[in-house]
Amino acid sequence: EDKPDTVRIGFQKSSTLITVLKTQGKLDAALQKIGVSVKWNEFTSGPPMLEALNIGAIDLTADVADTVPIFAQAAGANMIYVAQEAPSPTAQAILIPAASELKSPAELKGKRVALTKGTGGHYLLLATLAKAGLTFKDIQPVYLGQADCRAAFERGSVDAWVTWDPYLSAGEIQAGARVLADGKDVALYQRYYLASTAFATARPDVLAVIFDELHAAGKWVKDNPQAAAELLKPIWGLDTKIIEQANGRRSYDVRLPTTNNLVDQQIIADTFFKEQLLPKAVDVKSAKIWHRGS
Amino acid sequence: MTETTDEPRRGGIGLPLRLDSVTRSFGSLKVLKGVTLDIPRGQFVAIVGRSGGGKTTILRLVAGLDLPTSGSVVIGGEVVCGLQPSVRLLFQDARLLPWQTVIGNVGVARGKDWKETARAALEDVGLAGRENDWPAVLSGGQRQRVALARALVSRPGVLLLDEPFGALDALTRLEMHKLTERLWQENRFTTILITHDVAEAVALADRVLVLREGHIALDIPIDLPRPRREHIDPKSAEIKARILKEV
Amino acid sequence: MRQGFLSRVGTSLAPWALPVLLVVAWEIACNAGIVSQRVLPAPSQVAAAFWAAIWDGTLFEHVGISAQRALQGLMIGGGAGFFLGVLCGVLRPAEVLIDSSLQMLRNVPHLAMIPLVIIWFGIDEEAKVFLVAIGVMFPMYLNTYHGIRTVDKGLIEMAKVYGLGPFALFRRVILPGAMSSVMVGLRYALGIMWLTLIVAETISASSGIGYMTMNAREFLQTDVVVLGILIYALLGKLADVLTRALERRLLSWHPAYQVKGRTA
Amino acid sequence: MRQGFLSRVGTSLAPWALPVLLVVAWEIACNAGIVSQRVLPAPSQVAAAFWAAIWDGTLFEHVGISAQRALQGLMIGGGAGFFLGVLCGVLRPAEVLIDSSLQMLRNVPHLAMIPLVIIWFGIDEEAKVFLVAIGVMFPMYLNTYHGIRTVDKGLIEMAKVYGLGPFALFRRVILPGAMSSVMVGLRYALGIMWLTLIVAETISASSGIGYMTMNAREFLQTDVVVLGILIYALLGKLADVLTRALERRLLSWHPAYQVKGRTA
Amino acid sequence: MTETTDEPRRGGIGLPLRLDSVTRSFGSLKVLKGVTLDIPRGQFVAIVGRSGGGKTTILRLVAGLDLPTSGSVVIGGEVVCGLQPSVRLLFQDARLLPWQTVIGNVGVARGKDWKETARAALEDVGLAGRENDWPAVLSGGQRQRVALARALVSRPGVLLLDEPFGALDALTRLEMHKLTERLWQENRFTTILITHDVAEAVALADRVLVLREGHIALDIPIDLPRPRREHIDPKSAEIKARILKEV
């Protein structure tokens, strides 16, 4: 058996904990001790990263929203849930312009809502509408990337914008947007770290090291919000105020995934399938969960 | 068409033409070194000279395609400083539009009734029946005749012909001479013919100029009666000899 | 006669040899397990996706919507590119003033421009059509400009001496002389037209072939992605056939475009 | 002399008139509050971002990395496009076999091709260089092919009659005859080269100008996005200047490319 | 170079040439209707005929640029079915490469010492000092002389000249006649000269052919002594008259 001595990690700039680890050089150091080197692969957004994982170009992805693995699973991706962050429901929200007259999600009926397809925000919108007694057909969805959502939002082309941190905080503070509704009691918003099955089988020891480092990094960010904000500021190009607010709403509590998580995931999968956003029904329980030490 | 008077008719459409100590240099090459020339309206002038002597250059200056380095060209009282609407030039190379049929090339200016006019002109130059061919399939002499037809249908104030018969056999050439002479007599456009054939010059022109080393070396009137027949008039041979000596 | 017929059939089939060969090799590679089907679906799977998309009508809907955007963009952008090319080719001052700016503008990626496009045109059809228009404008511009610039100066002189006015000069000399180059521009533009859609249809689209492909890509539906690629390729072929037909008509005088031109 | 100098200066400044005018209008619009500065930052803000990026060296790093990818891709793709153009232009069977496939391939959007590219080339430099190569290949191909096809047949006949072998024929007749069209292809390719990078650098990049722009876009750093756009534009201008210089050298015989060609 | 023997030297580089009932049609236009012709090696043949009569077509068939509709062309014992490496053709239009200088055009085949050879040839045709000009700036006659220089430096087995002197003035033409005759005498390439000038044909050729309506209407040997001077030999005038009658 040839055991890879390199771990190829995919991440985005918005992958907070991985970015912290990479910038501080802690993960490289920790893995060096067991003779493994890290190859960092940066992606501009989540989907190409998942694409790379699916194709086998990387071994591990940084955190993605809970909806993303479901699509990967629908595509038959050979991956495994390695870790998750505890729910951060308020880190996702539906924003409306400061001058908007909308008061409750129920008033979204017939309105144009900007969102990015397949993201955690997408599920937030579905769930919020359901709670308000509406269906997805009652609104006009406007699918855009987050950057374009912001542009359309500021131009006034849309009435609401579904987003998450740090875009959420940036929207509130820079564009003066108001939160119409966030994910509290509606959508859990847990973020998952995924690995390819092949790698997880070959190097569980590496995953263990990474897991521990992530956990420590999460604690550090929570305990040192200012230092964390200073560290992220040049990378994200956002004010520390925005970063602190964004980090404040994320749990950054890295945990092992459990079968309970799969139940949460199944709800999301079913919701998407009902809205015909998934080509086929997904049985989430067929997915693998990484068990530490096994 | 039937008129064959020998006297230049003063009522034609020709314009008078004057070159006033015209010079033209290309870089350090002085092609024209001071050409002064007065051509009354309706005159038929032939220019002969050595290859590379500047004959084409003169025609380009008259047509306004080129400007003199010094001196001026005056047509009908106006100094030439750009394209002349009253001048037509038959270029030494035929310059047919490859994307127009033969008839389209002859009637390129699309005057009224251009199709009939062009068809008649093509018949005149012996190309009846070739109206709808592409220029690319024509022989060298045929191309030259299409260009001739195009020049002749235009009935301009000043007609400039740059070796229009260079690629034609003796017989076709004689026919084209007759055609040119006839149309000139009918319309009396001021005509400058460039040719390397002295006999041709003497047969067609009222006046023959020899261009040598950038100057007009000889300016000789030909007052033989028309229609002229070569080899018949002894005076003609004498004139030819004189011109040849000067070239 | 017989020979002629056979060789004609051969000539019209030969262009398909390479693509067909590729598809066969691909099917074999998939079935032999050289490439994982999850990663690159076999042609048969793609064909199945194709039938499914035809059957439920979504394919025609996507292609139809995209075609509409594409053609609108082509009209506007192609027209503008042609016009600017003519302007710069004919008028020296226009060239000095405009050409350089266009060369700069041409270099701006559509992807980066999207936020600005949204600000200017919103998120509706106009934005998409604008992007397509910008995309097709440049090949039309460059090739028209080049074509006009390289028209035989001797012919232009001739036409001017024979009293053609600016319009007739353009219509009967400059345009036909530049036509073969303009056609290259059009060929290129017809490709770009579809290519730009994949970017344009990331702006708030819910239909169109670009949307279909990118959407499938986000959801890792590789069979649909490959289907999208094949449809693009076929549309490219179609555009090629159309341009060739147009070339044969407009350039029938041109030795290089005559059907038997090369065999003489 | 004096006049000549002034008009020369005028001519070399005129191309900048339009861009400068635009920037001024934009600054005014921003300061007057017509456009939100967060949505479209004022030129002064962009300039500040520019200085900052120059100061900390990131700009040069990004441009440098991108330039490396771009040039590698240009070599490979431009070379391949040129070669295929020559092949199809010279050999009729090659044309029948290849041209059609290339016309189809040309139409496949890079964005859609990325999954396949990753399968073939992974996510490292090769994949990016490949995308650039594919991008520049087609304009080079199309224009080389067109240029060669439209070389004056009379000259080719002449050269053959005078005993030029295939290589000399190509070197001394076909290539120079096609050169002005090849240059158009190169011009286009130099643009496409940078354009493709923005797509290529979405494949796992952490440097390069495309990365810089798209990354800034994700984080809504509009000043950096606009900075990216401006850098693209300037690179376009640079490419334009280079091609013009090359054209002047290679086409010094061509009346349409002579500096004073139009004024005579 | 100093050799001026009148007898055709049999040891030259010329190849024998035969046309065997050659026909050539373009669509419904029958240009050549059965031309049979036998040219021994080293012979200098002139062809005259009406414009559009098929003269250029014959040369293209001999050079292998075109294939006969029926019949065959045989050079040096081999049937022509493609380009002939031993044949050089001076085209009716000059066909200079615009991207090569004058000297580059003359030495287009880049044989050994091509620069010296080309420079000497340019001097021969009176264009010394124009080596580095672009063809575009040359006059019509100068272009033709460059093409002539290019044809003459190649010393081929069969030399085909399609109206090589058409754009030249009388004097330059005489010089070019002498040059051509001298080189032919030195090398004895089989030569076919197309001309519309009967005097030229009689002055240069061993044998004059008249092409009329797709047939060889006249095939007449000219056995006047060389160097020939026009107008001096009375026999020459008689021959000319006979040819002109047939054209």
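All chains are identified by letter, namely A, B, C, D and E, in their written order; residue positions are counted from 1 within each chain.
As a working rule, a residue touches a chain if its C-beta (ideal position, glycine included) is under 8 Å from a C-beta of that chain, and two chains touch if they have at least 3 such contacts.
Just so it is clear, the structure is predicted and the values come from calculations on it, not from any experiment.
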item: Partner chains that subunit B and subunit C have in common; value: none
item: Top-ranked pair of chains - ranking by C-beta pairs in contact; value: C-D
item: Reference subunit E; chain at largest CA-centroid distance; value: A
item: Subunit A and subunit E, separation of their C-alpha mean positions in angstrom; value: 84
item: Distance between the centres, which are taken as Cα means, of subunit E and subunit D, whole angstrom; value: 49
item: Subunit C-subunit D separation of Cα centroids, rounded to whole Å; value: 18
item: Multi-partner residues of subunit A (each touching 2 or more other chains); value: 51, 55, 145, 147, 150-151, 154-155
item: Sites on subunit E at which at least two other chains make contact; value: 93
item: Multi-partner residues of subunit C (each touching 2 or more other chains); value: 39, 115-116, 119, 217, 222, 254-255
item: Every chain pair meeting the contact rule; value: A-C, A-D, B-C, B-E, C-D, D-E
item: Touch list for subunit E against partner subunit D, complex; value: 63, 65, 83, 85, 87-89, 91, 93, 95, 97-100, 108-110, 134, 136, 150, 154
item: Subunit C residues within the subunit A interface of the complex; value: 38-39, 114-116, 118-119, 122-124, 202-206, 215, 217-222
item: In the complex with subunit C, residue positions of subunit D that touch it; value: 11, 14-19, 35, 39-40, 92-93, 96-101, 103-116, 119, 138-139, 142-143, 146, 149-150, 153, 180-181, 184, 187-188, 191, 194-195, 198-199, 210, 213-214, 217, 222, 225, 228-229, 232-237, 239-240, 254-256, 262-263
item: In the complex, subunit A residues that touch subunit C; value: 47, 50-51, 54-56, 71-72, 74-78, 114, 117-118, 141-145, 147-148, 150-152, 154-155, 157-158, 278-279
item: Parts of subunit D lying in touch with subunit E, wherever the complex brings them together; value: 154-155, 157-164, 168, 172-173, 176-177, 179, 251, 253-255
